[in-house]
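Input: a single structure, listed below in structure tokens.
Each chain carries a letter (A, B, C and D) given by its place in the written order, and its residues are counted from 1.
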Amino acid sequence: MLKVSLIGATGYAGEELLKILLLHNEVEITYIAAKVDGPKAISEIFQALKGRLDLVCDNFDPDKASSSADLFFLALPHRVSMSMAPALIKAGKKVIDLSADYRLKDPGVYKKFYGVEHTDSPNLKSSVYGLPELYRKVIKGAQLIANPGCYPTSVILGLSPLLKAGCIEDHGIIVDSKSGVSGAGRCPSPSLHFPEVNESFKAYKIGVHQHAPEMEQELSAASGRDAKIIFVPHLLPINRGILSTMYVRLKKAMSTKDILGVLKGSYGNEPFVRVLDEGVYPEIKYVANTNYCDIGAAAVDGGEAAVIVSSIDNLVKGASGQAVQNMNIMNGFDEKEGLC
Amino acid sequence: MLKVSLIGATGYAGEELLKILLLHNEVEITYIAAKVDGPKAISEIFQALKGRLDLVCDNFDPDKASSSADLFFLALPHRVSMSMAPALIKAGKKVIDLSADYRLKDPGVYKKFYGVEHTDSPNLKSSVYGLPELYRKVIKGAQLIANPGCYPTSVILGLSPLLKAGCIEDHGIIVDSKSGVSGAGRCPSPSLHFPEVNESFKAYKIGVHQHAPEMEQELSAASGRDAKIIFVPHLLPINRGILSTMYVRLKKAMSTKDILGVLKGSYGNEPFVRVLDEGVYPEIKYVANTNYCDIGAAAVDGGEAAVIVSSIDNLVKGASGQAVQNMNIMNGFDEKEGLC
Amino acid sequence: MLKVSLIGATGYAGEELLKILLLHNEVEITYIAAKVDGPKAISEIFQALKGRLDLVCDNFDPDKASSSADLFFLALPHRVSMSMAPALIKAGKKVIDLSADYRLKDPGVYKKFYGVEHTDSPNLKSSVYGLPELYRKVIKGAQLIANPGCYPTSVILGLSPLLKAGCIEDHGIIVDSKSGVSGAGRCPSPSLHFPEVNESFKAYKIGVHQHAPEMEQELSAASGRDAKIIFVPHLLPINRGILSTMYVRLKKAMSTKDILGVLKGSYGNEPFVRVLDEGVYPEIKYVANTNYCDIGAAAVDGGEAAVIVSSIDNLVKGASGQAVQNMNIMNGFDEKEGLC
Amino acid sequence: MLKVSLIGATGYAGEELLKILLLHNEVEITYIAAKVDGPKAISEIFQALKGRLDLVCDNFDPDKASSSADLFFLALPHRVSMSMAPALIKAGKKVIDLSADYRLKDPGVYKKFYGVEHTDSPNLKSSVYGLPELYRKVIKGAQLIANPGCYPTSVILGLSPLLKAGCIEDHGIIVDSKSGVSGAGRCPSPSLHFPEVNESFKAYKIGVHQHAPEMEQELSAASGRDAKIIFVPHLLPINRGILSTMYVRLKKAMSTKDILGVLKGSYGNEPFVRVLDEGVYPEIKYVANTNYCDIGAAAVDGGEAAVIVSSIDNLVKGASGQAVQNMNIMNGFDEKEGLC
């Protein structure tokens, strides 16, 4: 049994990760920590875990951590991860970081979108972007994984094969994404108060969301040239799930079947990507509580443009499930172990 | 046009009250105040009011208030109301208080449930409990109205006629109430964070909710003897609306028709109470955004017990709509003016 | 008091219209009809109307209708309206049709999207598209109003001023719209069953929705040339409200302030359009249950593109509220009467 | 690997059961059937199963069924189960019936509440009520399990220990239950149309629900005398979960601690019942998607009465999860296998 630890246990991604790990046959959770007032049973923090996980959550203790586990999940706020990861890496531990700290290869872009200097360039360089469908081989040998953001996972999986195949224009890509509220975290605020979200819907951070550069980095890698997107996130009055509707110009006319052919060709053997048939589009309910990414597509405008729709559960494929998928790959486990 | 003012404008009841008053043909909103950091357009606080109400909300200024309006609605936290009402009363203003401060006639009970000494006994004595269906005549001549609580409105309207008629046992009354989230106010907290409420449901404050003594006071008045209830409130994952399911023992066997007969006899001419026919029960959607209280009933247990179901919108009949209904009565307006 | 009638009273738009008309000071509802099994009190069909409207709903009777009212609202299925309107028009009645039957000026396009030949060309020619912000003057003198669709209202109001001003490219306009479920009507179906919609989200009818040609007709009129859109509607798990996110290419670079300036210039005096300030975007909750259309905008992509966001209540500004606004204009009433 | 089959695969309980069985390490799903127009991939019926279960669903074929599997889950409508079970029983198969057909030991009561004569008395007699916490030992050796109803599971688990211990009056027990919409099945109807349920709440079938006699049968068995309840179910605007609030009179005064003591004593070793601490009450979110039943309690009315609150997921502990728990017991598997 692999000994695993979760640092930053008190958010929604942390809770989801613990639930997944509890069902995983190859690991044992040996140590959990978070910024807390004092030691507290994790089942008091997450009443759903009562009777399922008998661990105490306390403030991070580097020595205890190091002696307890071999692989660490960091579900910490951005900026905090890069202050904790170096010591774990140095101690030879494997680290899967769910924050944004190791996702952007350019520290200048990181500073622009997260407001602080990047403080761990050495590990930033060697970290691997943990999207298995794109980077499975390097993930296998990596020590530090930058687990992708939720919006980027849905978007990159939907667009990469088409960019790689050179089918679509890499400028002016429109990404209209909609996310459930757990994506905004577990911290109460006026804008996330129940009556403010329920029965409503809104766009936010138009053109300035911090996930845009992460998408552009990976879409550029797929394209081989600078890709540019216009990204507008929206807040759905549901707990979990993301659906991204993407609008692209085709370099030459394609049918819906052609487009789906490119996607199916790319994802034919993927355990967690399902390319849907013509006329069928993703719905959040079909991927909620699973690690799947569903993708549908339609040619429009006489075949000169296409609409790509993708959907994931932001807490699973968009965070904790993908983290476990990465762990499975890194450790030679069945890639589907613990996941559905 | 009657000049009216709202003190405590920044909560959900305040917002609802402003919306109702804007549609009222006999009043003009002349002054609004609330505890704020500085003057702010009310349409910035409530974006829904943009273009509809062009007033600035600032901290309460007694002189400005007094010179601006003749009737004051107080939508203040409990304990704050009784510190503000006396001066307004002294200045000859009419006051409709939406807090609990003047609802409980016994200051000892007030202290027990609200945690502080009552500081305004004189006005407590002369205040009138603003449930028009029970106290219309005294409301007409009152200067200070204690606007009823939301849960109590739904419960008292459902049970009073049966207690008055002596049909039901006044001890061991079970009140199982369910409320939408706006009843808990506009202040964010972990337990009202969207993903914590959505797709869930819970009981809370079992046997210790501060609305229980208010119900018992009025049910005792109806019964002529001490009435005792067991009250369990629950939190519904919706924005607005209360449904109360009440279980009573009948003194002698009655049919559903008999029970409905007592209720219809009592509320035959009421503009805002609808007693439903046999086999039809209230649903929150039918009273949401209205000032109605719907009541249904069924005899059970061979006619020895009855289930009474009542439903209101907690922000309208349970707060701001009832406040306007009281204002209409106090000022000789059509009782339905501004309400639906 | 103007005598008004509603034909097709049993859908959500019909229910909403009755509620609005009940609060309107200048009209009296004198006759209602719908396809029913037999006469039934409207308050049995819509329990919310109990005690508020005491009319019987029966199958349409042309003679009774004609002798009862002077203005008719038709909230009928597409194709049925054009079979009923001619006789009413001939009898000199004013007609406001909430269906699509008189919206598309080209009968060929109508046939393509609604599947049947148009059977009333004469009235189609003289009918007026009932979007007051664009056609107020002709509405004033019209006898037959084609009340706009819900999606088109949100989209046309957001884009028209920019097309008229020649700021944006009229091809490749992306319209990503999201609607609450009442827009799909009151008829139960597997895909609208509560657990299928709740906590989910999906795109549908990608590139083939029947509202696209209606938008293109009006956007072309604004542009002076053929405008082309890519329209993807989505289903929100809420009862009411539409939010449309529109992506346009700017002919020459503009700032957010510039764009908002064009919109504010166009809608400065409109009673029901609110152009929001820079950095503020529409949210469905702010327009729900009102006749407002809120519009926000942001320049993106270095000022070469823009995102326009608009929001309405699909049952009010997107249907019944707009119908009443049209009635007000046609009859010289205050345009805001009965509306908020 | 045990070969298992599901007959009645197209409802919500069927879908949930398939998802659970897919994660179960000891079974293989070999045959599924349902009333369908023709053979159809199950992943087309439930898009969520795409890529996870590659079976065709066709109409029931007794020979195929018999030769394919050793244990059958019947998720059929009431009345249909008892027409199918006898042949399977005769063929020596184990059967777990999720319908009500074998739950009521008295065929007269069955007829009264389900409207038809019971047609399989022999198996009715030998069937075992599948509530593991009460009947684990007989379940172990049973061939035919009557899997309990969703409401009864929540209620019986909450009250049985207190009745067995003789603490509470067995007449006049009040059961106020609230259920999510999946409990009403997958068939669309006007009252389950999204906008009719969403943002609303109602009581239904007051005093006449078919689950009441099932509860009374088992509560009487616990009490040793006839137990009588007043049962009012309500419809929650959520997908899944039941919370039951029960009001009982205590035979002699007890504290909250006393009551919890009885419950904890009874359920101390149960893998799927969690008795909560004083002051903590169940919330649906903590049991959703799990097989747990959470129970909380409070003494009220000076210790003369008690409120018991219990919560389950109606599709898991209230249906498919409990069915798998029964299968585990019947086959000597780890009782928790496949469940969380």
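Definition applied: a residue touches a chain if its C-beta (ideal position, glycine included) is under 8 Å from a C-beta of that chain, and two chains touch if they have at least 3 such contacts.
Nothing here was measured: the structure is a model prediction, and the numbers come from that model.
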{"item": "Comparison of A-C and B-C (more C-beta pairs in contact)", "value": "A-C"}
{"item": "Farthest-lying chain, centroid of Cα atoms versus that of subunit D", "value": "C"}
{"item": "Subunit B and subunit C, separation of their C-alpha mean positions in angstrom", "value": "36"}
{"item": "Inter-chain centre distance, subunit A versus subunit C - centres from mean C-alpha coordinates, in Å", "value": "39"}
{"item": "Per-residue multi-chain contacts in subunit C, two or more chains", "value": "196, 199, 237-240, 283, 285"}
{"item": "Subunit D contact footprint on subunit A (complex, rising order)", "value": "19, 22-23, 47-48, 50-52, 199, 274, 276, 280, 283, 285-287, 289-290, 292, 294, 340"}
{"item": "List of subunit A residues in touch with subunit C within their complex", "value": "172, 174, 176, 178, 196, 199-204, 206-207, 228, 230, 232, 234, 236-241, 243, 245, 247, 249, 281-285, 288, 296, 298, 300-301, 305, 307, 309"}
{"item": "Residues on subunit B engaged by subunit A in the complex (per definition of touch)", "value": "12, 180-182, 186-190, 192-199, 237-240"}
